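In this document, chain identifiers A, B, C, D and E correspond to the written order of the chains, with residue numbering beginning at 1 in each.
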Amino acid sequence: MKDLLWIIPVLPFLGALLNGFLLRNRIGKGAVAAIACGVVGLAAVLGLVAIAGYLGSPEHAAHQGWDEDVYLWMPAGPLATAADGVKDLSIGMGFLLDPLSAVMLFVVTFVGFWIHLYSVGYMAHEEGFQRYFTYLNLFMGAMLLLVLGNNYVVMFVGWEGVGLCSYLLIGFYYREEFPPYAGRKAFITNRVGDFGFVLGLFALVATFGSLKYSEIFPRIAANPALLTGPGFLGLSLAGFIALTLFIGAMGKSAQIPLYVWLPDAMAGPTPVSALIHAATMVTAGVYMVARSNVIYQLATNISMFVAVIGAATAIFAATIGLVQNDIKKVLAYSTVSQLGYMFLAAGLGAYTAAVFHLMTHAFFKALLFLGSGSVIHAMGGEQDMRKMGGLKKYLPATYRTFFIGSLAIAGIPPLAGFFSKDEILHAAAAGGHWVLYAVGLLTAGLTAFYMFRAVNMTFHGEFRGTHEQEHHLHESPPVMTIPLWVLTVGAVVAGFVGVPKLLSFGRDINFFHHFLEPVILALPQGAEAGEHNIGVGLEIALVVVAVVVAALGIFLAFRLYGGTRGLATENAWETRLPAPHRVLSNKYYVDELYDATVIRGTWGLGRGLFRFDAGVIDGLLVNGVGRNLTVTVSMLSGFFDKYVVDGLVNFVGWISGRFSVLFRRVQTGYVSSYALVLAAGMFALVCVYMVLQLR
Amino acid sequence: MDFLTSYGADLLFYLFALLAVVGALGVVTLRNPMYGALSLLVTFLAVAALFLLRSAEFVGIVQIFVYAGGIMVLFLFVIMLVNLHKLPQLKLFGGQSLIVAVLAILLFAFFAYFFLQAELGPEHVRPEVFVTARGEALGNSQAVAWNLYTQHLLPFEIASVFLLVAMIGAVVLGRRQ
Amino acid sequence: MFEVTTTHFLVVSFLLFTIGLFGIAARKNMITVLMSIELVLNSVNINLIAFSYHLSDLTGQIFSIFTITVAAGEAAVGLGILIALYRLRETTTLDQAAELKG
Amino acid sequence: MFDWVHNVPILSIVCYIPLLGALIAMFAFRGDQGPAIRKFATWVAGIDFLVSIPLWFAFDRDGELFQFRESAPWIESIGVRYEFGIDGIALLLVLLTTLLGVIAFLSSWSAIHTREKEYYIFMLLLQTGMLGVFMALDFFLFYVFWEVMLVPMYFLIGIWGGARRLYAAIKFFLYTLVGSVLMLLGILALYFFNAGGLLGWEGLGNPASFSILQFHEIGASIPRDLQFWIFLAFFVGFAIKVPMFPFHTWLPDAHVEAPTAGSVILAGVLLKMGTYGFVRFSLPILPDATRQLLPWMAALSIIGIIYGALVAMAQKDMKKLVAYSSVSHLGFVMLGLFALNGPGINGSILQMINHGLSTGALFLLVGIIYERRHTRMIAEYGGLSAVMPLYATIFLIITMSSIGLPTLNGFVGEFTILVGAFNRVWWWALLAALGIVLGAAYMLWMYQRVFFGPLTNPENQGLKDLNRREILYLAPLVVLCFWIGLYPRPFFRVLDRPVRDIVARVDPGAATAVATTEPDAPARPVGAVAGGAGE
Amino acid sequence: MPNPQEFLLLAPEILLAAAGMLLLVAGAIGRGMGTRESALVAVVSLVLTGAVLLRVESVLPGRALILGGTFVLDGFSFFWKLLVLVGTALTVLLSTRFLEEGNYRASEFYALLLLATSGTLFMASGYTLLTIWISLETMALSSYILAGYFKREVRSNEAALKYFILGALSSGILLYGISLLYGVSGTVQLADLSRTLAGVQDNPLVPLGWLLLAAGLFFKVAVVPFHIWTPDVYVGAPTPVTAWLAVVSKAASFAILLRIFYEGLGSLRVEWQTVVAAVAAATMIWGNLAALTQDNVKRMLAYSSIAHAGYVLIGVLAISEIGLWSVLFYLAAYTFITMGAFGTVILLERREYAGETAADYAGLSRRAPFLAAMMLLFLLALTGIPPTGGFVGKFYLFAAAVEAGWAWVAVVGVVTSALSLYYYFRIVVFMYLKDSDQTTPAPLRAPALVGAVAFCAFATLVLGIVPGPVIDFAKHSLLPLP
């Protein structure tokens, strides 16, 4: 199995190839679904087999991974590296199965499979069924590349691949105006992140001449001096690499300030949001940071930066989530917030916690999204919670699963969310970062609140929709509900793999922690202050506080939105606290801010230019900062081309033309003037020459 | 008298030089080509005299015969042929003649300056050359003839071709069809 | 000073040369122009003769004979062209013949 | 199996088959036999391609640098010889040329309806010219082909071009001619320095020759100042061809006005001649000058990258957009070359091929839609995915390859180039990487506006998807894009030896395989290593 | 005391002159000869002359001064004589149809042509200034007449008139220079001249002398500022005559220019180099720029021939072997190129400028594809684009300049030649890129003419692809550099 790892990512690609090219428009929906789900399911099974095999393998015992180069990809010739002089840069196409990628592999294939299954039902009546599953398989393949790659370039391949797929899937409803735009926004925002990411890779190459984990990390761990040297931008080398990589993560995992694309990404089909924008892709950044933990351990200042960004994002998004009325938007912002949570953990050096939360979050967030999908499905595409309510009796299964999912994300013991979130908070406290702790805690409370606000507005009270909507209301088919239940189970039990010491009554059964241990390479001088203990009493207190805060949030939610009060409260909000509500519901005016800066920035730059160009003007209105500035500049440079470069050439031409005419004017046609020219020429010849001689 | 005997030749030179120049000026200034031709004749004769002063008797005679006899008659014929009745209203000089004059004067000054600069060494050391043919002093004509037909026979032949061409040319161009 | 040297001849000859030049470039009547050309050739002859005397070398005289020959030939052809011109345009003024230019 | 290749003058055969075809077409066909000539010419190109295939297999990766050598005296009196021979670099370019040749011919079937005979004759002549440029090992011969090829291109633009074709054609011709004549002086300077010396520079006294290999040998011994001047002379010639900023303005005009096939050849092959010139002549022959002028070259390249991208962003005409994207891509190639290290040069040569494939394909695709709708204005389109799904898919793949998405060819090239650039001067890569972001922006912008959104324009509703012929000539490009993207190793394998050779000549510091520091010592600051020519 | 038998070595020249007179007589008796017959006679006599020339060369290889040092037989003169004969033969082929069109008497025309050519033969071998000058005058005089041969046409007459007056003036200037040189050196024989001049120090007459001489020669080869006559005369004269002037007369003039500069003034070369350099640069710039805006093809070709004289001067300028033979080679190539170009003009032109403007070439590629192709070839060659003789020639000229250290002149050369593309290709634009209308003339039906043009095209191509033999020939026929 070790040398067959490559099959796992290839399978979905195979499915995409079949559905996208070989069998396009040749087979019915059933077959399409069979192929798509088949390959993913097979990948999942193989994944489990592989993991099992790995756990039993000597490598695992030796704290190493299954590391297998399939073939040499880019043998790009001699290069002078900082660490060991001139060496040939050779980048392989290869895969690695170690605890970390095992976890990711499991999460991706497991959740991915069930979401595929769900999609069969959800997309049943959509056109472009085959296209949809082609993209979805493509995404699975890329995601598996990302998590299984044994070097950064392969990771980057997946990294970009998932970006492309999300671009395609967000823009799935390409007939409308908005989705394609949202897709492009996502892709380009990600590009901005990747721009940082590749710089990090280059720095690594310039240092080691290689990007293979197994060649870089052990050496750093053995000799941190390699990266503590001066880098660029005044950072240490490690700092530079860490920063640039994190910029990549910001884009991928929607952190401040590059989070703007994720809410818009909800324009895609709901299962896509569940799979890509909740469970898997957006967590790639977290995975990458965890993978590069050695570097981050060396770059303490950058780590702190990561933590702060994470915390900020968490609270920021949570607050916005409070007032969203679109059910998917609520979930979207909650996702952003949860991702912030993970980065908080990673930044604090609690990589296991980060990955742990990643996993649990994958379960319950996927669950929630699918639930909302089921609701939207039932409501015939309606996403505004104000038009819902009282769905409990129409969609019992959806209701139950959604409710449990909400509990899980709210962090109510003993559900998955509780354990992972607790571990993060504990890490903050243990590190002595009480501010971050407080932020985390507050976020937890807000999370609980807005989730149950959503629950109440959606399922409780009485129905607020139109009549034919009410008439059409129906529970989703089993092909959709089964995945819901499965994920519910996951959301319930996933937490128990990482029960902290405290709650396991002394016995150390934190399986997850030990499992990931080998991946987190310890530095000789222990550059990172890991888990120094705080008193047990305090620990217990913290746990209790966390639970209480969560419960409080839930309570408030019921208090304000319970029963039939939902809409009333909502309106009360707007009337009583207009200012904050406006700020929040306008997402702190960030997009407006961007536009404003843009307008003002471009105003001076070349308002005159835009007048020519309707294309550019609408480009202006519909596109983000980068594009506006660049368009302006590009117009300017276009003019540079036209009038300066060409102008010069044409000027030369013109001058020669003038001379030509001048010379021709000498040719008067009068023979006497010619004779004069001859005489003058002779005189000039003699004169000039003699004068030259005389001096 | 004394003066004359010692400077006679030189005086003659100045005289004829003056004549030549005056004649030339007449050529380029007189309106009526007829008078122009006559003053050209003066120049020719003066130049011939100058030749004689430089012991080129044969060339001098040829100059008189060919120019005064041949070319001049040709010119006169042509002048008769083309009726010049509307000479008076013809423009004499072109608009640029002033420039030309200035240029000519400059040119002359320039060259004259260098001519005066140039030192040419002793003159006329072996006068006998001009009369010696085949080792014996026969006279200038013989000397010229001898030199021409020995040293410069080829150019002489080519000259015949040249004259042939000239003849054809005159015929071809002058013949009316 | 009065002593006549070759230089004197040179000066005279070049005087004739420049006068001829002037005639060619300044006069509009082709007949005059032709005569000016003759002047130029004559000036050359003076040079040749003077030099041949100066160097006691016959070549100059020979050369001058050829010059005279050429002068004659050119005169003939020139006058032929003149006549052709007159036939075409009823005039001998050069300004008339300025169709080709530019 | 391919040993016979070594026994025949294979290069000459490959080079002159099109010429022969042109002559036959000239005399054997009448002007009105359009279809016949069409088929005939395409067959000629196809045969040429088939004949060129064995080169790939018969080329000995570990053999001598230049293979399939042909050498015969041509003009002994001044030491001009008829020398053909290719190394890995030339091999790839030759194959690219023959392949694109066939494709261009196929694509012309439906595009060209007027004066077909002349058209195909010129195309064939062009083919011969380009192949000759890549094969010539004698500088004189090189120059001959270099200029011969201008003429047919002039006519292709001038006769079958768009509205402003006359202007574009003469502009193209004048620009390139000015460049090449100055290059000529550079060649002469080399020639005389190699032999008797010139302008006060003491010559080497070697037997007079224009042999490029000979020049490679003497490269190191040319005095710095002379190198400088020769480099400038070459620079003008090559930079105009590439085209580097600010010599690029002929390109958009030429591209926009040229017929599709012309654009394909222009972008696919002609532009590569400039970069090929740099890598074949400037770098190895003039190492000192190269290092001396490194910052300037890099600056121009980077300006070109960003500038091209920005201007592309403002375009409303698809073809013009693609043309400017070429400026940007070629900027990458130049940057890679002047990184003067393995990845840089490897990458940029590979990127030449990639650009040939993907930009060629883009022009083909634009041409296809143009034939259907006779407009290239982006605004005219929208929602084409609905009516032309397959077209949309292929367009997407090519777009992705052109913006350097991994698993497609563009990525491999750009990545290695940037690695090399980063190693030379780290912020070169920083700035250049900005170009990638912009690239994504404008390509996707175009893609979205053409293929997504509602299918409003009624004229677009009846559009037909790709037909068999179009698929036939697009498929190989797509396949190659994936091949290079997924398994570029064979290409790197071919390039390995020549690139090592060039690096060794131009920057010995980066080529010596000995470790300059013992492993795991504290790191020197990276980014300005290797030869120190970065600052 | 020359040995009469030496006259036998003049057989070619004499033969040609005799043929000329024969034509004259034959044309005079009875109702004269038709165009075809006289053309036939002319060509045959030219061929015979060539044959005899080869014989003489084989009898007397190497270098021989005969007839009292007035006449030299060497490879150099041999090369030029061959070139001149070929050029004249082509001219004859070009002219037949033309004369018929204009119905002028052919016999005198060809007689004059042959006599003029015999003059050029003498020029190529003349070794005293006297010989050279008189034969130059012979050529010049006949070309005046030829230029005015279509005397019923105003343009022709005007051309003759201008050419004559200016030519006479220039020959006066040249003669004055000769006289001064004679004065200081006491000889007109080139070798002695060079020797004695080497001895003379700072005598102002020397520079005055050779400068005037140079001015006269520059007039003949038509370089700035003594080119002033060229455009009008070239346009006015009957086109075959124009071709002859542009090729044969120019070539012969370059022959004596080289002969005098290298042998007569060899000792002064450092002095005259600078002058030639300046003149060359000026000529290239002026000629090309002035041609830039010409609409009349003949006139454009006239200016381009001026420019090309400038390029040739580059070779004269570089005192080197390569410089010399590049001049020879270039003029050889230039002969065919220009003849071909003018041949095409003849095929298209009609009375009174008709068919001479660029617009008249519109759509030629449709009406006469092969003619258009050949014209294209000539234009490419004139621009200097491979694979044509024009390219090879220019290549060597610039090479010579670079080697000899006149790089700046070479730069001027390459830039201007790139510039020249613009006006040459204006015609290409019309031929290929524009469509014809009804008024555009159809080319003449003239097999001989077309044959000649085709031959020129062929030669142009051959010189571009296998220049080797010609280059070697040129190398072998170099005059000894003093």
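Everything that follows uses one rule, which is that a contact is a pair of C-beta atoms (placed from the backbone, for glycine too) under 8 Å apart; a residue touches a chain by one contact, two chains touch by 3 or more.
Note that the structure is predicted; figures quoted are calculated from it, not measured.
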Practice task
Determine the set of chains touching subunit A that also touch subunit E.
Solution key: B, C, D
Handout entry: Shortest walk length in steps over touching chains, subunit B through to subunit D
Key = 2
Practice task
With centres defined as the mean of C-alpha atoms, identify the chain lying farthest from subunit D.
Solution key: B
Problem - Closest chain to the centre of mass proxy, which here is the mean CA position - result: D
Exercise for the section: Would you kindly tell me how far, in whole Å, the mean C-alpha position of subunit E lies from that of subunit C? Expected result: 26
Problem - Centroid spacing, where centroids are CA-atom means, of subunit A and subunit B in whole angstrom - result: 104
Fill in the blank from the handout: Between the Cα centroids of subunit A and subunit C the separation in whole angstrom comes to 97
Fill in the blank from the handout: Here the gap between subunit A and subunit D, centre to centre from mean Cα coordinates and rounded to Å, is 36
Exercise for the section: Can you tell me which residues of subunit D touch two or more of the remaining chains? Expected result: none
Completion exercise
Where subunit A touches two or more other chains simultaneously, the residues are 664, 667, 669-673, 675-676, 679-680, 686, 690
Practice task
Note the residues in subunit C that touch 2 or more other chains, in rising order.
Solution key: 6, 10, 20-21, 24-28, 33, 50, 54, 57, 59, 62, 66, 70, 73-74, 77, 80-81, 84, 87, 94-95, 97-102
Practice task
Provide the full list of chain pairs in touch.
Solution key: A-B, A-C, A-D, A-E, B-C, B-E, C-E, D-E
Problem - Sites on subunit B touched by subunit E in the complex - result: 111, 114-115, 117-120, 150-155, 158-159, 161-162, 164-166, 168-169, 172-173, 177
Handout entry: Of all residues in subunit B, those that touch subunit A in their complex
Key = 94, 96, 99-100, 103-104, 106-107, 110, 114
Fill in the blank from the handout: Note: in the complex, subunit E contacts subunit D through residues 322, 365, 369, 380, 385-387, 391, 395-396, 398-399, 402-403, 405, 407, 410-411, 414-415, 417-418, 421-422, 425, 429, 432-433, 467-468, 471-472, 475
Practice task
Show which residues of subunit A lie in contact with subunit C when the two form their complex.
Solution key: 664, 667-673, 675-676, 679
Fill in the blank from the handout: subunit A residues touching subunit E in their complex are 656-657, 659-661, 663-664, 666-667, 669, 671, 674-675, 677-678, 680-682, 684-686, 689-690, 692-693
